[in-house]
């Protein structure tokens, strides 16, 4: 029971991070029908931006500001850096190709992902960095949950992720721009006929999706400590899996998918073996794609003949 | 009445295509004059002579180029002809390499003769390719890409983690795990061992030649046409009696077979296989080769492979790399600015800008110019102009790099004199980053270059260097 | 004569649209009929359609936008499966076969939206349609065996013959041009040539004269007649241009909302009150 | 605004798709307060005319003037901001969004008097007020037509463009649809109806134009046009 609860909390933590990254994939796919392969790198830069702020503030053991402020600033920096990269990607790697062949934006995305990875390698070297969370947030603090204690940092991650997801849902459902995002996703031409500035809406989508990924990056740094220049690739793949499992293009789908993948991974690691972890996740994706190609909450795409 | 319906537009478009334009025109016209057979003969002649004119270690570079050409030719079948975006292709290459390494090393007590091993491995790779094509019946485009990418990941996971097969005797070590399999034997045919670089070079060259001929023939056959038809319009192809699923499977199988074959050769030449040989990096290298040269065009793919595989060799020697960088910079300047008076203004601006920065920087901070210049001709020449940092060089070049990238992007969107204004600091920063960092990091530079090339290529010339322009209705 | 193609009670609707339209508002406010996705379903339907085509006959299908004409083509060629009813080719049901199998049985079609293999040459477009009629295995092609060469030559000659059918339009230097460089009218011709190359007995043309000028339209009208007379195809045509329909048809069928509202000679159909109503609106036929 | 002031005028417009000459010298005019219908059979160029008016397609020659401004080279959003609104063919509602949200999208460019405009639309279509929280995709055809009209009206347009409002609707709904158009017209909006269903359109229009193969073949007052024998010829070619 204790062990099961522990794994559940692990899964919830991991799942909420995957969900945050998956949202960016899903939103961009919904609006552009484009797989933003470089999204994992956006997330990786977010993690490094958070690390940069932490270093400027004196490092985890010698902070010059209160812990809560430091974490806020880290999230803020990650959001700004990731959003800037995301918007630049849209403007320079994808927008020129909007009327091009189907394969071109995909190749461009792979190229951009590769470029960003190399840039990170150049700037941060191949060494991994550590957030050193235990000295940032005392490891003993935690919330009792039945027989186990849930670390503060995990609580922070889970709560933040859920707050963000609720905020995003509200934004998409309530705000004028959020509604425009949905309108453009469903029918770009009809949206243009309403006078909606489609370009602007697309930029906003990239901005928000990337900022969420940036926050996800800092969260991973806080929970797992280690960040490195290749972290974006595998996390990106898993977040993408989450988006597809949930139904790509669907925002609740991305959240659901993220949590599912998180749980799958945690339970596999806990009860079978960590070697199988990635294989199980990929297997899950393949099964979902074969059985329900449009994902759990997705709608099938129509092809006009 | 005979004039009606005769369509001027086509006439004009015919005139338009009569001649190539720009500075590449003479070379392209000459290229067109050569029949395919002539082109191949010329290529083989030059390639066969190559080992006689270079140092022994450079023959290895030649093998790398030829192996990339082989595997890229196979990829071209799947991506360029059949239009199936297969991101798992690198796994077939790895499969062939690992299979050969297992049956031709001391890993297992099994040493198959080459003439048995190779056909078996090629057939097994093709079969694996055909199996992977099964999901492609239901998946199109992006989904197929992602599914195959996962396949590639699964392959690497498997070889890295499953050195021992589950439920089998514990002594059996199949893949060597993260350590790979060392000591792979060379090919041996008719008592002749391909145990030197020279021998392997000619073996690979023979394969490239045969592949070019075979694929050229295949492209001009009913199968090749059907592949291209299903790339162009799967639904229409199906209505024109093409069994779409079977042809997709065939394309995957042919591509995978070629990749498997190349893998065996690779394992033998490298005298070992390691999981990292078959990662995403190599996948992107193959794609870069196919796309740079021109997806769908056999000469294009070969040219792309040469360019992509030779770049790291150029970058490895700082002297050559410097020339490459500065020539690239000048070409970029000419392409971006175009008008000579503005080019002159830019160059002047960069020079003045550099001296100002140097004066200001050394005025406030001694370390700014304390670094040692690279020991190459160009670096010594500009040592008194560009900042060569002593201390803190990592931090400052990082900022300079970010600013240079931002500057590049600004140049893309700016116009007129604003473009020049953005270009001047950008060029200076690029030189600064190069002299302080990039010149010593050939592998990172190469990665930046590949990524950048893919993005720029898609925006500027999606058909590649030798590919023909494509039209797609969306 | 035994019909080459016969449709019996063929029905297809998308997402239960008909239910909604019938019940709508007639039932009154508050009665909501749900549906999976009516927005996409407000397209064509085909409802209980009977039709037969004899060998060598030219049948035209007319009707206003959204009448279900292209859906009918998609049903026959196997893109959609019918909800109810049967499609018989030479008395054998072809329901459930794939488009490729149906094409191999001798049904060829063109597309309203023009679906050429744009980046292949004109000649290759036609040659590609010979896949089902050729045998060369992949290894024979790789090694260019004599048998493969012979077959290649035959396919090329066949393609040239089909292209020659259109006079000078698609001949000579145009063989080696990519299909995207062709004019609109020539693309329509090439689509017909490509369909002919599958060696069909029933040729289905979806708006062959769309986008053509009057002279080209006249030419295509004559050509469709020649196709039947010289090559012996049975032809099913969807066409909007009534001059073309009048010029070619042995029989005309008018559809509206997926239902056959008239059948017979052009004269009969064009003067049928239901057809006039379908085109001009309700009450049009009463007015004179 | 006097009633003979020209709201929209097309002068000798020629539009091409690639090399196909679609519109061949179209000239037409809509005066403020008028209800004009543009008729034509399949593939006569109706939709292209509409796209040219909206600026989705640029004419190769000729001018489009709207509300005294030459908009020939202006963007679609400029024209919509200046008082055009469209009910697209097949309605094109945002199916996964509620009725209210669809209406909000119609008012995207002007949110000043949102509540007031919304009430006006609800007054015109009381049913929409009832269904405002229902997903647009789950509505029936006739209700969707109302949402599409309401959505377009939310921008307080000077000119409402309607693309084939009868398309895909059952007879009884067609009649209803045209009643709605009349209601909107009586509320003071100038309307251009592009239709295949000539009789119905002419019964409510002030003025009519008939297109055939990219040319205007007939133009007259609606009553006169509905009596015209050539009308049938334009559709059925005889």
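Order of writing sets the labels: A, B, C and D. Residues in every chain begin at 1.
Basically, contacts are C-beta pairs under 8 Å (C-beta built on N, C-alpha and C of every residue); 3 or more make two chains touch, one makes a residue touch a chain.
From a predicted model like this one, the values you see are computed outputs, not experimental measurements.
Looking at A-D alongside A-B, one finds more C-beta pairs in contact between the chains of A-B. Centroid analysis (C-alpha atoms only) places D farthest from chain B.
For the pair chain A and chain D, the distance between mean C-alpha positions equals 44 Å. Work out the mean CA point of chain A and of chain C, and you get 48 Å between them. Averaging Cα coordinates per chain places chain A and chain B 30 Å apart. Centre-to-centre separation between chain C and chain D, using Cα means, comes to 32 Å. Multi-chain contact residues of chain B (touching two or more other chains) are listed as 7, 9, 235, 470, 472.
For chain A, residues that reach two or more other chains under the stated contact definition are 305.
Touching two or more other chains at once are residues 37, 40, 79, 183, 213 of chain C. Across the complex, chain B is touched by residues 33, 35, 88, 91-93, 96-97, 99-108, 110-119, 121-123, 233, 237, 240-241, 244, 275, 278-279, 282, 285-286, 289-290, 293, 305 of chain A.
Per the touch definition, chain D reaches chain A in the complex via residues 54, 76-77, 80-81, 86, 88, 92-97, 101, 104-106, 108-109, 111, 151, 155. Within the complex, the chain C residues that touch chain D are 20-26, 29, 32-35, 37-40, 42-43, 64-66, 183-184, 207, 210-211, 213, 240-243, 245-246, 257, 270, 275-276, 279-284, 287. The residues of chain D lying in touch with chain C in their complex are 17-21, 41-43, 90-91, 93, 95, 127, 130, 134, 136-144, 164, 166-176, 196-201, 226, 231-232, 235-238.
Residues of chain A touching chain D in their complex: 176, 179-180, 182-183, 186-187, 189-197.
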